[in-house]
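The structures come next, written out as structure tokens.
In what follows, chain A forms one complex with chain B and a second complex with chain C.
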Partner chain A sequence: MAEHVNIERRRQAIYGWLLLSPAAILLTTFAFYPSIATLWTSLFSRGTRRNPTEFVGGENYTDLFADPTFWLVVKNNLIYAAATIPISIFIALGMALWANSKIPARGFVRTAYFTPTVLPMIAAANLWLFFYTPGLGVLDQIGSLFGLPSINWLGQPETALWAVIIVTIWKEAGFFMIFYLAALQTIPEDLKEAADIEGASRFTYTRRIVLPLLMPTTLFIMVNALINSVKLIDHLFILTKGGPNDASKLILYYIWEMAFAFFDAPHAAAMTILVLIVLGIVAGIKFTYLDKRTHYQ
Partner chain B sequence: MTQAETFVNVDNVAKRWNGQLGVEEVSLSIPRGSFVALLGPSGCGKSTTLRLLSGLELPDEGRISIGGRDVTTTAPSERNLSMVFQSYALFPHLSVAENVIFGLRVRKTPRAERQEKLKRALEITGLLGYEQRKPGELSGGQRQRVALARAIVANQPLCLMDEPLSNLDAKLRASVRKDIKKLQLDLGMTVIYVTHDQTEAMSMADLVVLMKDGHIQQSGAPEDLYYRPNNTFVAEFVGSPPMALIEGSALPGFEGVARIGLRAENVQVTKSGDGRMTCKVSECEFLGSETFIGLTHPGTTGLTVSMPGLRHIPAGEELEITFSDEDLHFFDAAGQRMERLTGAPVN
Partner chain C sequence: MSAIFRHIETFGALLLAFIWISPLLFAFWAAFHSTTDAVNFNVMAPWTLDNLRTAWAGAPWLRYFLNTFLLVSVVLIGQFVITTLAGFAFAKVQFPGKDFVFILVLMQLFILPEVLIVENYVMVSRIGLFDTIIGVGMPYMASAFGIFLMRQAFKSVPIELHDAARVEGCGWFGILWRVYVPLARPTYLAYALVSVSTHWNNFLWPLIVTNSPETRPLTVGLSIFGAPENGVDISVISAATMMSIAPLLIAFLVFQRQFVQAFLRAGIK
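Now for the complex of A and B:
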């Protein structure tokens, strides 16, 4: 009897481990090990032929904090995040509310909004390059109709970062809209009817009923938008390459440059660790503080 | 009850979707303070009628007035009514208290008054102590009561209920039925209540409106529908078991009548030789105080006899039955009630 129970228990344990192993192996190979290896690398000096690699502790980090480019890139990325996250979420919500109402050609509207998401970022960047090009670009062509001077949107430090931000918003809003649209469709029709009978205006209904019920989706989208604000740099390669004068350089682009253009792996690793720490802290806040204030159905 | 003035008036209303279904030629006159049940099988247009009254749908034809005011195209919130939905339509992220006072908040009722009304509504529905719970943390019956509380807190003269009990189990249904009826009497509300359950309609309503295919088949007091069905549909819908229909040709002496209705309680089993019809037993249904015995006979549908106590008669056995002519209902070829037989022999 006892033996039978033991075998059964062991069988269950093996079964459990088997289910767990694909995720465990993949995550270990591609997430846990690289993170730890990165942390390890960031603590050593860059090896050259004459000076072999040696343990330097936090020196790579202090180097970074003393590097004005690093602070510029951090500032750029903060502006990038502070602009792309709220604006793309806001536009996505507005588009979803509109595409969810009874409008003509609803299918077409939804498809149109979603198209930027389907395009690869590189293709989207090429498209926007065509918009932004001074003289030939669509923006300048339209501007010249009204007698406006030609503007090199990507070529001047004041506008380059914002030009990049707009491309990102354009790309992300349609993607987030799909999540909002799906969430909106899970809200039963009769809640609207109940609110109508109580005399709630469309605005009150949206503010008091729809937005709170969309909170889980908003939280999910916020986490995604945050990750993307660090991750989404493909268009920089096409549009600005971080310039002019580092005005549109973002952290991940800087890390890539450090590691593969300047071959300075330790400093790139140190920067990666800093990014991981910041993202971890923000995600922690979101999942503890905001999660408690969110209603899940 | 005394015949009070007409409170809700529906005049020849029609609503169609893409030219079909919906309701046609619906006219109703509902006295103030009455309890009206819209009864019928699914798809008969009873819910549509209720939604037309609420203003959630607008009629294609006809007029609707509430309290003497024409509200045919008025917004739902301007009609001074409350509504209980089949799904309850509670806001899942709001607490019981917030759900109940949602409308009061929208209407900017002062805080003190709001709290007082909330307390009273929760008292009436027995929900005190549940103020801070979310709908997801309540049982089905409690949710139903929150929906009721939300409907009564605004103290509107008219309350519409769309199958409010259909998500409850049978036992709870019976007790909530009594609660709703009592509430309606205590508050003096006019209630219009949609249901497909005739027990609910018959036991609660002052006026039952039986619908089929978008048309009103009969509207009247429950006893009218039971004792004087307008047509064969009403006869076969109302009552448990429903009225049996016998073709005139199957009953000697009534060859001139298309169909004859007969209720189970008016049928007696008699010893062989004395009966007016000889039928075969098809099944026995034991209900405690009585047993319904289903009978088959050529030219009849739904013939049943009720016998007291437990009976067990094997299927296929022959029974002779008798009944008196006063208990018969006569219908013409179109299924309409015929008042009295003209020219036909009376045995």
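Now for the complex of A and C:
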């Protein structure tokens, strides 16, 4: 009998690994091995015809830390995250509350909020180019109605990053709305009735009952928004190319530029490792701290 | 008092909806008007198809559409096969090291393929898949997100059905194919919609690994077409943009309910 159980267990182990092998091979090839290879590359100098690559330890990292552009890009990305995450979550929440209430033309409202989500970032950037172009763009035309001077939104360092931020918010708010909408629909009707009997206003009901119940959704969205603030950079290629004077350059764009425009893989690799460390910390917080705290339903 | 408040809210909701949709509406309008009329907001200007014709003639769009279609299909088929097998292993098979491997898979949710572009480019070139559609799709096939989704779907299948199929003489693959896959159909549909819209819209990775019109997907084609150094005017860019988003946008408007539900199912675990 014991032997029978043993055979069965061994058979399951073989099946398990067989079923897993295609995924394991691909994940190793395109996630784990490249992560380690990136770390490896980041420790070597860039090879030229005259100087072959050699081990330089942390030199690529110290180069980065001494590079003012790197710090500017980090600062830009922090602003990008600090603006897009709360604003898009706030707008998404407002959208969801509206799209869930009994207002006329609700179908149209929902569609309008969600549509940007299905567009490619490149297409979204093209649409917004029309708004931002100086002189001819929609924003300038509206401004000129009120006698405001023409502003080159994408061409001056003070506004370029914000122009990029607005497109990101426009693109992701509707996506986050969907998660809030789903969560709102799971809140039982009797809570609303109880609040009405107690004479609580709609504002109190929203603040005291709805918002706390939406907390797990908010945390989920926050993690997503954080990841997006690293990876949503496609529109830079159309709108600003990171300029002017790197004023709107974000980390992933800088990595791309470093590797594929300046052909400097070691520094790009060092930067990639730094991003991976940050993402790893986020993952750690998500899987340990947040997952334990938010499962109170 | 509350009636007034309600009206203000309705107005706010509609205003925001209008603001949100206006870039799209404006580009649509501009795509069918001459550039001078478009930039001067000449509302009464005649409609024209010239921009569409110019845009269509300016790049091999049909090829781009085909490439995107092939790319999306290849990724989806690969994902279905790989995530089904792995999800089933994690949900229903006991084997040593399972928990550890599962944590490794979850880690990939945060090791974004986008961030590993440098080494993935080296890898794809090394295995000879540079500038091929398979090469564009391959890093996304073993999606950790998909594996997680399939594992959840398979976990909810009652074990009685599994046992019944086994008594009937089904092997492991028979059970997977005849019991689990049909029962997880809604999850497959949801995953398919999310996957297709993600990869239809993907840009950075295809930009890096494609190098010719024969493999370039729509997004990359569109970015090259609209590049300022090509000097294309804004109405023609609008026309090209509209053209390239039309299939997905129309599909979305027609299947809106399913689409939204798919995103919901995929997002909430």
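Criterion: the second predicted complex is superposed on the first by the 274 of 297 C-alpha atoms of A that agree within 3 Å, B and C clash if a C-alpha of one lies under 4 Å from a C-alpha of the other, contacts with A are read in each partner's own complex, and residues count from 1 in each chain.
Note that a contact is a pair of C-beta atoms (placed from the backbone, for glycine too) under 8 Å apart; a residue touches a chain by one contact, two chains touch by 3 or more.
Everything quoted here is computed from the prediction, not taken from an experiment.
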Touching partner for A:6 - first (chain B), second (chain C), both, neither: neither
Touching partner for A:105 - first (chain B), second (chain C), both, neither: second
Partner chain(s) touched by A:38 [first = chain B, second = chain C, both, neither]: second
First (chain B), second (chain C), both or neither touched by A:188: first
Greater chain A contact set [chain C / chain B]: C
Contacts of A:53 with chain B and chain C, given as first, second, both or neither: neither
Which of chain B and chain C A:23 touches, first, second, both or neither: second
First, second, both or neither for A:144, with chain B first and chain C second: neither
First, second, both or neither for A:204, with chain B first and chain C second: first
Shared chain A contacts, counted only where both chain B and chain C touch the same residue: none
Touching residues (chain side chain C, partner chain A) in the complex: 2, 9-10, 12-14, 16-18, 20-21, 23-24, 26-27, 30, 39, 41, 81-83, 85-86, 88-90, 93-96, 98, 101, 104-123, 138-139, 141-142, 144, 147, 172, 197, 200-204, 207-208, 218-219, 222-223, 226, 234, 237-238, 240-241, 244-245, 248-249, 252-253, 256, 259-260, 263-264, 267-268
Interfacial residue positions of chain B with respect to chain A in the complex: 54, 56, 75-78, 81-83, 85, 87, 89, 91-93, 102-103, 106-107, 134, 136, 150, 154
Residue ranges of chain A touching chain C (in the complex, touch as defined): 9, 12-17, 19-20, 22-27, 29-35, 37-38, 41, 91, 94-95, 98-99, 101, 103-105, 108-124, 126-131, 133, 136, 138, 141, 170, 174-175, 178-179, 181-182, 202, 220, 227, 230-231, 233-234, 237-238, 252, 255-256, 259-260, 265, 268-269, 272, 275-276, 279-280, 282-283, 287
Touching residues on chain A, where the partner in the complex is chain B: 188, 190-191, 193-201, 204, 208-209, 212-213, 215, 295, 297
